[in-house]
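Consider the two complexes below, in which subunit A is the common component and subunit B and subunit C are the respective partners.
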Partner chain A sequence: MAAKSIISRPVYGTLSPQPGKHHLFIADAEGALAIADLAAKAPADFFGGAHIIFIPGRDSKYADVLEALKPAQFYLGHSFASALPRLKQTLANAHMGLRLYLAGTEGLIGQAMQAALEAGIDHTSIQTEHRGSLARRMQCVHCKGITENVTTQPATCSHCGLLLLVRDHYSRRLAAFQGVCINAEDRSEIPPTEEVFR
Partner chain B sequence: MGITFRKETFRDDFTFRNSPEHIRRFPFPFHEDSYMYAVNIEPHVVGPKGSVLQNLIDVDEHYVAEMQDRALVLAEDPLRCQSLPHMTLAGWDLLELLMEQQALAYPEHFTLARDGDRWRWINRPLGIDDSFTFGDVSTLPYGPMEYITRQSQGDFCILDQRDGNLWMDAGMVTTQADWSLDFDIGMNFFEWHAPVPLAHEKGIFVRALKFLTNIQQGKPARRLNWTMTINPRLDTSPENYHKWGPDRATVTPENVGDKVHLRVELQSFWRLPRSNAIVFPIRCYLIKMDELVMQPKWARRLHRVIRDLPEELATYKGLTRYRATLVEWLSKLDDGSATSPGFGPD
Partner chain C sequence: MSTGTTKLDVIVSDVVPVNELVTRFHFRRRDGELLPTFSGGAHVVVEMRDGERTRLNPYSLMGSPLDTREYTISVRRDDAGRGGSLFMHRQVRPGTEMVVSYPVNLFSLDLRARKHLMLAGGIGITPFMAQTAQLAAEGGNFELHYTCRTASLGTYADLLKERYDRRVRLYHDDRDERVDLDRLLSSQPLGTHLYVCGPSGMIGWVRERAAALGWPPETVHFEHFAAPQPGAPFDVTLALSDKTISVDEQQSLLEAIEAAGVDPPYLCRGGVCGQCETNVISHDGKFIHNDHWLSEEDHRSGCKIMPCVSRFEGRSLVLER
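For the complex of A and B:
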């Protein structure tokens, strides 16, 4: 985690079992381990009312860890985009009192929260835990394009090609950090690129 | 006698200038020879005749040119004006406020006639004469906020009040000092101020929020803020930073007086009657150094403020690249003599 940060930067916690009958989990990659840790603290019948949406990512690990929890529903997605229609329908049909748990990369947490906010769920009621990659989802303030999985500072916009400073300033609505041209005043100044969001 | 509106530009050939009367009434923002953040909020009451506070919504000689510049910005980037779905009522509140204030203060330029919900708005400088039904969006060419803020100087943010916080849920922002409405819309007071250095640690925003959430209808408040801009450019948005940023590298000892501008924001805060939202107009005033230093007190004081500004603030305000050149130029106009207290010229 970044040592010094700013107030718009999301703060993540540790998942813990919430009272209620219906629990929706959305996780990617190492986020599965946060769910497993929660399971160790949960009452016996907890996952009988749970729906897990899991995107394993490139390493394709951890799906068995989650299946072993015997959730009422288990869905394995190829990408967040492919899981989104299902997530939206689940949120739209949700009963009052649904508990939402997000775990994994910041990009996953941010996009799942964006869908939840659009469904009218208050962001403070959502449990989040960051696990795995620090890669960022970044919006270019100039062309508005989103670049996924940004690991470097600065980073090149995948849409307009400007070299961007990846700020800590974060928008929940866009589920993205802000990228601002780092050498706007003198384009010949090219600062070194470092891999800082691994 | 009405205002003589200047024909001028805020881009390309930059023909913006202040008349001698407008130089004298410029809202110089420093009441002493140094600057640090403070919760400098005071009641927004009518001030002296001939000042920018003579009317609570100020219309000046730049009105027509500013509205033309806004139209250009919006044609290029419609995302500068956004309103979340629950903010339409607040937009009507704002339309009422701005029509009332402008018609009251400048009857030779603006007329508002009301017959129940049937309103007629005449804006002579812009050649507009529209009849519409108050509260019915289908009777206006734009949503109510966009309609009236295309006819009102300054940026406008409408803040929804809930959960003890203020939420940036609507705005018309085309003359901003480097912040993005499109990115910040939907954020609360602390979140959209997150990038500001030093002020959080000083508790500025906690106190400011407490003040703002208690603002009552009919009792607006105001504060001044400032930065500097190279060339009289209104649209210093982050969206276009890669286009205007290079201007900052063009300042030389020879062109400081013409290129470097003090940019002052008169921010006011008004409770809106139907929506209980707060509208936050950010009225921008520009003055080039050659015009500003015609007041010797302002020249001396600005020299001392810029020279002694903490490094974080200078960086945040984007002065780094030309600060030394500016301070050197201003130092020649500072004989070291005392300045009188207060904002005004001697």
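For the complex of A and C:
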């Protein structure tokens, strides 16, 4: 569970069933288990109005857990990028009364929230629950390139190669943590690298 | 200490009867300067000096926020009320010098919304007059559904129709026209915000349906100024000020506290903003809560009261004031 450090660092809750006509779930990997936990608390006909977009990841586990909930629509994606057009289309056609639930890694929650914000949903209206990896999506503040799945501190920008301090400073607009050059004064100074975002 | 209610010295520049119940009042600054800017949904507290007594009532500003040469309010005559609206209708004339507060907005537009869906009932139309003017000026997307008792009591209905045409839909009670609320709320695009102003029954109905149909609370905005209700006189002890005061039939508890020289904070004087929330030290009797600020739990606990609109019946009441 991520601890609160500075105000922009996202904090996540526990999914709970909301009143509404349609329920859109986006989850990756262990995020499926957060949906299963919600199902235990939900009214009987809840998933009859639900649409689940699930990205199982490499292990390909948990898809059967979600299918067993008998959602009205169920979509398995190979990656977030491949699921994004479907997500955008769903949001573009949606009406007030749609409730959004995001569960899984921070990268998945952040990018799905980014699409939802662009569709006009307020971030405070979205249910989130963090499950699984703490790997971060990081923007290099110098070259603006985004590096996915950052697990170390510091981390190397996969675009410009600078060694970056991965800050808790988060941008909802970019769905990324900010990475700032850690040795700008003296590039020969190389601090030890630790794996801290597992 | 009237938080945020710096005063403006104004002169009534025009008084315009709108229909059999509603009259519009125009205010300009006595020094000829422009008035402070405001945003759609803002209200001012108007001081009514009526002989011995002073009433302070909130009214929504209904003019365009783009024009600060004057403020305009519309007052519905309430023959059974405590006399504020009757004072405005009977005694205020062009040229009358009055004092109003700076504008305060407790019902502002959320300008991040993709669309603004507005529901008005009766005199609840006034904040929407300013909000629609503000939105129309910047190409905002809005739709107004306005319910009135009869066409002749549809205050500004003709004007709104003329200005905004199909973006305004009218419903008349005497023709049994009703908003198809569930269908309306279920057919709005994502990113719509809902605004409702009117009688408390209407606000309660709309909020309940919106919540049930999955509108997140942060997308539902409402305003209802509860007018202080007259009631049986009662005595109150103000523990911090060491005073015992009497609240008469036509006076609100807040007005009685002020009349005793104690100056509690206030903003809306209509049970909405929360500024005058007061702790109860002890009581023997029953509260008549009329506010929209305290939770039901607070009301039941008997530990808090909003003196601007709520009253008390019983043997003794001691407030932390």
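The rule is short, and it goes like this: the second predicted complex is superposed on the first by the 194 of 198 C-alpha atoms of A that agree within 3 Å, B and C clash if a C-alpha of one lies under 4 Å from a C-alpha of the other, contacts with A are read in each partner's own complex, and residues count from 1 in each chain.
Basically, contacts are C-beta pairs under 8 Å (C-beta built on N, C-alpha and C of every residue); 3 or more make two chains touch, one makes a residue touch a chain.
Because the structure is predicted, anything quoted here is derived from the model rather than measured.
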Subunit A as common anchor, with subunit B and subunit C clashing or fitting: fit
Touching partner for A:L98 - first (subunit B), second (subunit C), both, neither: second
Contacts of A:A68 with subunit B and subunit C, given as first, second, both or neither: neither
Touched partner set for A:K21, first subunit B, second subunit C, both or neither: second
Subunit B versus subunit C as contact partner of A:A81, first or second or both or neither: neither
A:Q139 touches, of subunit B and subunit C: first, second, both or neither? first
Partner chain(s) touched by A:I121 [first = subunit B, second = subunit C, both, neither]: second
Touching partner for A:I190 - first (subunit B), second (subunit C), both, neither: neither
Partner, of subunit C and subunit B, that touches more residues belonging to subunit A: B
Closest Cα approach, subunit C to subunit B, once both complexes are overlaid on chain A (Å): 6
Contacts on subunit A seen with subunit B and repeated with subunit C across the two complexes: none
Subunit A contact footprint on subunit B (complex, rising order): 79, 180, 182-187, 190-195, 200, 238-242, 245-246, 248-249, 321
Contacting residues of subunit A [partner subunit B, same complex]: 6-9, 139, 141-142, 144, 162, 167-169, 171-174, 178, 180-181, 184-187
Residues on subunit A engaged by subunit C in the complex (per definition of touch): 18-22, 91, 94-99, 119-122, 124-125
Residue ranges of subunit C touching subunit A (in the complex, touch as defined): 112-114, 185-192, 211-216, 218-219
